[in-house]
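Which chain is which? They are A, B, C and D, in the order written, and residues in each are numbered from 1.
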Amino acid sequence: MKGMSSIVKTIANISFPIITIYGLYIIAHGHLTPGGGFQGGAIVASGLALLAVAHGTSWVESKVKEHDLSMLESLGALGFIGLAFLGLIMGGAFFSNFLADTSMLFGAIPVDGAANINTGGTLPLMNFAVGLKVIAGLFAIVLVMAIATNKEED
Amino acid sequence: MIANIPYLAVAGLIIIGLYTLLFKKNLIKMVIGITILESGVNLFLITLGYRMGSVAPIFTGNADNPVMSYPVPQALTLTSIVIGVAVLALMLTLVIHIYRHHGSLHVSKLGGDDQ
Amino acid sequence: MMNQRNILAAAFLTIVAVFLVFSALFMHPFGEPTSQAMDQYIIDNTVEETGANNGVTSVVFDYRGFDTLGEATVLFTAVASVVMLFRRLKK
Amino acid sequence: MNIVDMLLTHAPALTIAIPLLGAFLTPLISRVSEKGRNIFAIITVGITALFVFLMASEVLSNGPMTYVFGSTAATVQQSTVIRILFEVDALSIFMAIIGIILSFVAVVYSYAFMEKNTGLDKYYTLLLLMTTGMLGMMLTGDMFNFFVFLEITSIASAALVAFWTNKAKAVEAGFKYIVISTIGALFVLFAIALLYGQYDALNMAKIAQSLGISGFTFIDKIALVLLIAALAMKGGLAPMHMWLPDAYGRAPASISLLLVGATQASLYGLFRIVFTVYGDVISLPSISIGWILVLLGLITMLIGVIMAIIQTDFKRLIGYGAVAELGYMALAVGTGLTIVANADPNITLETAPFAMKAITGGLFHVINDALDIGLLFLVAGAVYYATKETSLNKLGGLARNMKYTTIFFIIGLLAVSGLPPFNGFASKLLIYESTYQLNPILSIVAILSSILLLAIFVKVLHSVFLGPALPKYETVREVPKSMLLAMAVIAGIIIVFGLFPQVIVTNLVEPAANALVNNSGYLQWLTGGF
C-alpha cells in the first residue's frame, strides 16, 4: 500500500508510542491485572500495523526486514520454552513455577493475599517472552501479507 | 428456558456460521463463516464458567473475596481465540493464492478434479 | 437453487441445529454450574501457589501452562506457514 | 544409574519439548548454514525417537506412565485433576512409535527430495512442528491439550500441503484441508466444552471416571456423537474423506508420509475416546457404536477402491488406496467394538474371542498401512523427483533406469494388497478371520477390495515402470542415496514385520489392544491414588 496523507502520518506517529506503551503495560502487569503476553502483544502489533498502513509498506520494508522479525519471534519462543526447561531442571517437573515463593527475582511471597509486581514467579518472565513472540509474529503476518498484495498492484 | 438463553445464542451463532459455510459460494464468505462458527464455540466456552452474581477472578487483597467466576474456561477461550487468529491468517493466505491462480473467488474453482 | 448438493447441505444443517438446540435446552441452567471441583481449588489457592492476582493468568501460565506452550506453537506455526507461502519460488 | 532414570521420568515431556525446541531453533540455525539445518532436523528427530523407544521399554514392561506438567506434588487433590497430565499407555506408545518412524523417514527423505526448493528453513520448522503435534496428540491425557495438538498438526500440514504455491491444485488442496480440519476441530472443542460443563474436568481419565459414576446423560450422547463425527472426518473415514486424496496427492511426498501419521493420530483419538473415555458407559445403550464403525469402514473401503480405479494421477491413486486401507482399520476395530460395547451381558470378550483378534488385527493394520502407503508415497515422490511428472499416462518404462525404486514399489504394492510374505498379509488375515465370524459378508467384501487394490497397483506398476522405454525418459537417473536410504528403511521394516509377525503382535500390538479394550489400566492412577 502506498502511504497516506501527511496528516494521517503525523497522527500515526503521535499515537504509535501511546499504543506501544499501553501494550507493554498490559504485558508487564499480566499477572496482576486482566491481560497478559498475548493480549499486550496484540495491542503493540496493532500499533505497528497502524504505522504500516499510515506510512505504506515500502517505508516499512526499508525499516524492518522480515528476517529480523522471525529472529525476534524465534527468540521469544526460545525464551518461553527455555523457562519451561528451567522449570524442569530446577523445579522437578517440566513447566513448574520454580521462582514462586523463593524470593529470587520476581519470587517474593505475596503478603496477606495480595500479589504485587514482584511476586509472580515465572509468570512475568513468561509474559515477556510470549509478548515478544506475539508482537514479532503478528507484525510479520501483517507485513508479509501487505508486501504480497502490494506486489500485485504495481 | 430463560436461564438457557445464552446457550441458544451459541446455537444461533453456530448455525449462522455453518449456513454461511455451506451455502455461500465466495471463498472469503466461507472464511467469515468459519470465524462466526469459532466465535460461537468461544461464547459457549465462556458461558460455562459463569456463576450467578460472580466477578472476574482478580484478587485485590481484601480478605472477603466475592464469588468469582471460573478462570479455566476463560483460559481455554484465550487459547481458542489465538488458534482462531492463526487459522484465519492461514486461510486468507491460501485464498490470496487461489485468487492469484484463478482470478476469481468462486468455490467452483475448487472442484475435486477426478479427471 | 435446490440442486442435489444444497438439499444435502440443508439436511446436514438441520441435524446439527437440532443437536445444538437440544444441547442448549438440556444444559445446566446458565448461572449454576453443576460441579466446581477443579475451579474452586484454583480460586482458593491461586495467590499462594503462583503468586499472581489474576486467576486467569495463573491458569494460563502455571496450572495449564502446557496448553499455552501449545498455543504459542500454534501462533509460531501460523507465522511460519504464512511466511513460507509468500516466499519467492525461484532461488 | 540415575541419569537414565531421570531421563525416563521426564521422557513424556521431553518427547514433545525436544522437537519443539528444534522447531524454534531451526530459523536461527538456517541463518548459519543450510546443510547444518538439515542435519540438525535429522538429529532432533533422532533424539526424539530415542526418547520414544525409551518410554516404550518402560511402558511395555510395567504399565501406563503418567507425567504431570508443572509440579511434582500429587495433583489429585480431592479427586480433581488440576494440572495437565500426560498418560502414556501401551496404545499411545504404539502410535507414537508409528509417528516417530514416519517422521524420521520423512526428514531423511526430504534431505535430498526438497533440495531445489526455496523456503526450506520454514519447511523444516513446520515438519518438526507437525511431528510435535502428532506425538502430542498421541501422548496427551488431557482433552483440551488433544485439541491444541490437533490444531498444530492441522495448520502445519495444511501449510505443507500447499508448499508448492505455484501449483493451483496444491493450494486448493491445502485450503480444503484447513477448512475441513478447522470445522472438525471446532466440533471437537464444542464436545469438550459440553463435557467440561457437565463434569468440570478436562482430564480424560477423570471424565471417564465421572461418566462411569453419573451415567450416560443426553449431553454426553451429543458430545460422543460430535466427537465421533469430527474425529472420523479428520481420520478420513467415509462420508467426509474427499479432502484426503487431494491433500495426499498434492503434497510433497515426504509430507504425504507425515499426513498418513497425522490422519492415524486422529483415528487414535477416536479409538481413545470411544474405548477409554466412554469405555464403561458405552455398553448401556442398545444401539451399538460398533456397527456404525463397521458400516463406515465398509463404505470407506469400497469408495477408496472404486475411486482408485479411475485415477490417472499417481499420488491421488495412492491417496485413494490410503482411504481404502483406513476402511480396513475402522472395519476391524468396529467389529471388536460391536462385542465390547454390547448391551446384553452374555456377549462378552470371553464368549466372543474373535473381538480381541479383530482389534489386534485392526491395530496391527494401522502400523502396516502406515508403512505400506508411506513406501508407495516415497516411490511416487522418487518418480516425481526423477521425471517431474505424476500423471500415469505420460510415464512409462522407468524400470530400466530406476531399478531400486521399482523394487521398492513392488514390495510396497505386494504389502498393501496383503500378499503373504509381507506385513499387509499378517494383519489382513487377522481382520478376515475375525470379521468372518461376525458376518461373512464383511470379510468377503474385505477380500474383494484387497484383490481390486492388487489389480489397480499392478496396472500402475505396468504403466509407470514396465512397458516400452519412452524417449523422454532416456536420461532419467536413479534418485539420490538419502531417498533410497529412506525407502530402504521402510522396506526393511515391512519385510521384518512380514516374516516375523508374531514377534511384533505379542509384545507390541497385543498390549496396545488390551490397553484399548479395558480402560481400568488407564484409570488406575486416578482410582489407585498417585
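Brief remarks on what is shown
Keep in mind that, in the parts below, a contact is a pair of C-beta atoms (placed from the backbone, for glycine too) under 8 Å apart; a residue touches a chain by one contact, two chains touch by 3 or more.
Treat the numbers as computed from the prediction; the structure is a model and nothing was measured.
Note on connectivity: the fewest steps through touching chains from subunit A to subunit C is 1. Seen from the Cα centre of subunit A, the chain whose own Cα centre is farthest off is D. Interface comparison, B-C versus B-D: the higher count of C-beta contacts falls to B-C.
Here the CA centre of subunit B is 8 Å from the CA centre of subunit C. Rounded to whole angstrom, the centroid-to-centroid distance between subunit B and subunit D, based on C-alpha atoms, equals 28 Å.
Distance between chain centres (mean CA atoms), subunit A to subunit D: 36 Å. Centre-to-centre separation of subunit A and subunit B, using mean CA positions: 23 Å.
The residues of subunit B that reach two or more other chains are 14, 48, 56, 58-61, 72, 76, 78-79, 82-83, 85-87, 89-90, 93-94, 97, listed in rising order.
The residues of subunit D that reach two or more other chains are 20, 24, 27, 69-70, 144, 148, 151, 155, 158-159, 162, 165, 197, 202, listed in rising order. Looking at subunit C, one finds that residues 23, 27, 33, 36, 38-39, 42, 47, 53-54, 56, 58, 60, 62-71, 73-83, 85-86 touch two or more other chains.
Arrangement of the chains shown, judged by which pairs touch: all-to-all, with no pair of chains left without contact. In the complex of the two chains, the subunit C residues touching subunit B come out as 6, 9, 12-13, 16-17, 20-21, 23-25, 27, 29-33, 36, 38-39, 42-43, 46-47, 53-56, 58-60, 63-64, 67-68, 70-71, 74-75, 77-79, 81-82, 85-86.
Chain contact summary for the complex, subunit D toward subunit C: residues 20, 23-24, 27, 69-70, 77-84, 116, 118-119, 122-123, 125-126, 129, 132-133, 136, 144-145, 148-149, 151-152, 155-156, 158-159, 162-163, 165-166, 194, 197-202, 217-219, 222, 225-226. Per the touch definition, subunit A reaches subunit D in the complex via residues 67, 70-71, 74, 77-78, 81, 84-85, 87-88, 91-97. Contact residues on subunit C toward subunit A in their complex (touch as defined above): 47-54, 56-58, 60-62, 65-66, 68-69, 71-73, 75-76, 78-80, 82-83, 86.
Those residues of subunit C lying in contact with subunit D across their complex are 19, 22-23, 26-28, 33-39, 41-42, 62-67, 69-71, 73-74, 76-78, 80-81, 83-85, 87-91.
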